[in-house]
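Listed after this line are the structures, all set down as structure tokens.
Each of the next two complexes has chain A plus one more chain, namely chain B in the first and chain C in the second.
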Partner chain A sequence: MLKVDNLHVAYDGIQALRGVRLEVPRGSLVALIGANGAGKSTLLRAIAGLLQPRAGRIEFEGRAIQGRPAHRIAREGLVLVPEGRRMFPNLTVEENLKMGGFARSEADVRRAEVEVLELFPRLRERRRQLGGTLSGGEQQMLALGRALMARPRLLMIDEPSLGLAPKIVLQVFDALRRIHAGGLTLLLIEQNARLALQNSDHAYVLETGEIALEGPSRSLIEDPRVREAYLGA
Partner chain B sequence: MTRPPETGPPGRTSSSDSGAVSGGRVTPPAAEAQISDFRSQKGSGAFVSRAFTVVSIAALYYLSHRLSGTEATYLVHVLTVGTIYAVLATSYNLVNGITGQFSLQPNAFAAIGAYTAAILTLSPEEKAMTFILEPILPPFDRIQLPFLPALLAGGGMAAAFAVLVGLPVFRVRGDYLAIVTLGFGEIVRIVATNAIGLTNGALGLKGLPPYTTLTGAFVWLVVTLVVITGLLRSPVGRAWRSIREDEQAARAAGINVFRYKLSAFVVSAFFQGVGGALLAHLLTTVDPKQFNFFFTFNLLIIIVVGGLGSMTGAVVGSFLFAGGSELLRVVEEPITIAGREFEGIPGLRMVIFSALLIVIMLFFRRGLFGRREFSWSIRGWRGAA
Partner chain C sequence: MDLILQQLINLLSLGSLYALVAIGYTLVYGVLRLINFAHGDVLMLGAYLALFLLTGMHLSPVPLPWPLAFAGAVALTALAGVALERVAYRPLRSAPRLSLLITAIGASLFLENFGIVAFGGRPLAFPDVGNLDRVVQLGALSVPILSLWIPGVTALTLGVTFWIVYRSKVGMAMRAISRDRETAQLMGVDTNRVISLTFGLGSALAAVGGIMWSLKFAQVNPLMGVLPGIKAFVAAVLGGIGSVAGAALGGFLLGGLEVLFVAFLPDWSGYRDALAFFILIAILLLRPTGIMGEELPE
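Here is the complex of A and B:
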């Protein structure tokens, strides 16, 4: 469904990604793990069109999308949940959700809203509250909910566990599993490698801008290199 | 100026906990009903507040009309200036406060609007008398339009220039808008000084018909507020605010950030063009120095004091500023205190304004109104403009 080939991205001449190759098949949950600064967020941002790659090819559902503006890519159904629970703090929960469905028809938005509120009942209780007044976990759910409002076909999530209490992280992952079970393809970045590998079908390990390892998550968990570097075992 | 109350009639709200929640899931029919509940904001409360708004607009209109006919010309003049400031400030606020793009635009667009309208309303005879350095360029020597088309032309011209300026500026990110709009204001001023065949150069245009009345300015303020608040409540307004909140997230949500920044800028420029034209036809002169940087700076004070992002704040700030600069005139005139005469100090008003600004910034970090708006609702202030 999503294919990235030989992707190069640089910030002010410093290479952040060197020839990254990655594939996300339809219906899968693919995880991308790696240390701080390995280039994980850069990769997602480049796919989403928020960064312009220097070279390489990004294909979504058979069409090349590299170099297209971010809002177009989002409308194609390839939606990013940016890092750090980026919702709109001074808009209400309800307005935040509506923003997510910005490019969709009124009827679509209404339907998506029902689904999202069903998935996150907390958001229903807080729908008139400002996004910024929610707790960390609720904000992450709002960010997820907003992205779902766009009715994505592939959802990319950047570090959903960042800065959340362990219990809340489990709730967020529980929500992700339910979203995935509903048939949505997911590409997930996660620093918490164990959590990522336990919850995904396939995983890539990114090290200093290159894919160091890849394989089915089940076998990566057993891989001695992964165990030593990322699982602390 | 008003917003519908936040919820529908009591009793239909706060059912989220009593709804059909079972095992963390809400059954779809219940969910559906609830959503339609908060979607339709046509409760009796909204109707009442709308009625209040219409009645108060009508009352203010009548009042402005009555005042215009009285001897209180000074008061009427100050109120008219305040009303025009309010048109300029609310539209400026759209770019700076709502969309969150720091811009220093109003003097440029007000000047464009003022000159455009003035050239169109001056009678051919008046033009022949005014343009002593160079005759005015044809066909403008013969054109004369009534006030409304001239105002619309002024606004339209400002909007057209906003497109020209905005197209390149909004392609790049960052704080370029402030620099470019500052520079554009200077360009407009220099062009106005040197395009003598169109603007009469440094002498300016004089003897404009005094078309601007308090009532007329008030009607334009209502139009400005209706258009802007209408847009703010629409998806367009949400897009503008989301850009202020987080531009990247807005892009990731599928919003064409470039287009929405440009549209806010153009709408804002249109009303600034109209505001400039109203001001020109109140003072009956236009000259290049009138729309210098301080013009913009005063409006910036108004919207910051009122609260960036609050239209209520922009309106209140405008009248405080217009009234305040008149009241403070005292300090620049010679006064006698306890038998001793003190000479007035020119410019002291601005010193006091600056001191007040500092005080307000110390005690009201986000301006007098923050982002709140006036509302008839008894629940009081509505947050999150």
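Here is the complex of A and C:
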């Protein structure tokens, strides 16, 4: 569904990605793990159109999308939940959700809102509140819900566990599993490698801008290199 | 009592003009984090366009009836605002903010001098339309109808603007962009288009203000936008730059302070324009975010 080939990205004079190759098949949940500064966010930002690649190819559903403006890529159904949640603090929860469905028809938005509020009942209670007044966990729910409003076909999520209490992290991953079970293809970045590998089908390990390892998550979790570098065992 | 009523009417009509123009500053600041110093000159452009359409000079082969002329001028000024952003500001979208600010000052100087060259430096008379200088009796007060028209038109215009900003989809996008342009793009928002629309809306409001200003003072000149522009900027800062409701409030507040200043210190009335600058300095020292401005994290 998504194919990244030989992707090179540089910004602020730093070569952040060198020849990254990655594939996300339809219906899969793919995780991308790696240390801070390995280039994980850069990769997702380049796919989403926020960074222009220097070279390489990004293909979504058979069409090359590199170099297209970010809003067009989002409209194609390839949606990024950015790092740090980034909800609009000056908009109400309901308006935040509506922003997610900005490019969709009124009817689509209404239908998606029902589904999202079913998935995250907390958001229903907080509908009229400003986004900025939500707790960290609720904000992550809102960021996910907002992205789902766009009716994505592939959802990319950058560090959903960042800054959240362990209990909340489990709730977020529970929600991700349910979203995935509903048929949505996911590409996930996660600092917590154990959590990422336990919850994904396939995983890539990014090291200083290059894919160092890849494979089924089940086998990566047993891989001595991964265990030593990322699982602390 | 009559004195108070009289001053209240003065306040409403002056405050209205400041409020309309102040909203343009605040809208543009919201989406671009830019003080559009050319905004006052856009007001001037709106006034001249209205005059030309009204009298059949330059733009229109025949004099147009005033409702048509004014509507046409507002629409053309909106387009001019969109063009200004496209030509002067968009190429600098990723440049440092100081470059953008300097460009805005340049755009302002350009428009003023363009006005002098194209329209002539001498003031032109702005005709009275629809007998707006007719005087009505309100109790013991004689009030020119225009002084009632201005707050009326302003209330209507503000109503529409508030609806656009706080209730419509594009207004929601404007507010979203004001906090996080990048994330708005990720939601499928064409931010360039929303920024264009914002300039269009702000410039249309400036044109409405410019037309009413011209009716009030019965003349136009190429530098007529300078002082209202600066004062409306002060009003926007006073209300809290970035907040639309704040800009409207700041406009009426500044208008009120000016009217009171002249009413109670008639000997000092020559300093009425200095008052705005004094207020600006005071706000920047005491409360830079203004009355309704939000604290921004950066």
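By definition in this document, the second predicted complex is superposed on the first by the 233 of 233 C-alpha atoms of A that agree within 3 Å, B and C clash if a C-alpha of one lies under 4 Å from a C-alpha of the other, contacts with A are read in each partner's own complex, and residues count from 1 in each chain.
By definition in this document, a residue touches a chain if its C-beta (ideal position, glycine included) is under 8 Å from a C-beta of that chain, and two chains touch if they have at least 3 such contacts.
Keep in mind that what you see is a predicted model, and the values were worked out from it rather than measured.
J.: Looking at the combined model built on chain A, do chain B and chain C fit side by side or clash?
T.: Once chain A is superposed (C-alpha atoms), there is a clash between chain B and chain C.
J.: Looking at the overlay, what does A:146 touch: chain B (first), chain C (second), both, or neither?
T.: both
J.: Looking at the overlay, what does A:55 touch: chain B (first), chain C (second), both, or neither?
T.: neither
J.: After superposition on the shared chain, which partner residues are touched by A:165: those of chain B (first), chain C (second), both, or neither?
T.: neither
J.: Answer with first, second, both or neither: which of chain B and chain C does A:130 touch in the superposed model?
T.: After superposing on A, A:130 lies in contact with chain B but is clear of chain C.
J.: Determine, for the superposed model, which of the two partners chain B and chain C contacts more residues of chain A.
T.: B
J.: Touch test for A:102: chain B only (first), chain C only (second), both, or neither?
T.: A:102 contacts both chain B and chain C.
J.: Using the superposition on chain A described above, determine whether A:69 touches chain B (first), chain C (second), both, or neither.
T.: both
J.: State whether A:113 touches chain B only (first), chain C only (second), both chains, or neither.
T.: So A:113 only meets chain B here.
J.: Going by the contact definition given at the top, which residues of chain A touch chain B in one complex and chain C in the other?
T.: Residues 48-50, 69-71, 74-75, 79-80, 82, 86, 88-91, 95, 98-100, 102-103, 146, 150 of chain A touch both chain B and chain C.
J.: Show me the residue ranges of chain A that touch chain C in the complex, using the header's touch definition.
T.: So the residues of chain A touching chain C come out as 48-50, 69-71, 74-75, 79-80, 82, 86, 88-91, 95, 98-100, 102-103, 146, 150.
J.: Can you check the complex and tell me which residues of chain B touch chain A?
T.: It is residues 6-7, 16-17, 21, 24-26, 28, 31-32, 34-35, 38-39, 235, 238-239, 241-242, 244-246, 248-257, 371, 383-384 of chain B that touch chain A.
J.: Can you check the complex and tell me which residues of chain A touch chain B?
T.: 48-50, 69-71, 74-75, 79-82, 86-92, 94-95, 98-100, 102-103, 110, 113-114, 117-118, 121, 124-125, 127-128, 130, 146-147, 150
J.: Would you mind writing out the residues of chain C in touch with chain A in their complex?
T.: Residues 169, 172-173, 175-176, 178-180, 182-191, 294.
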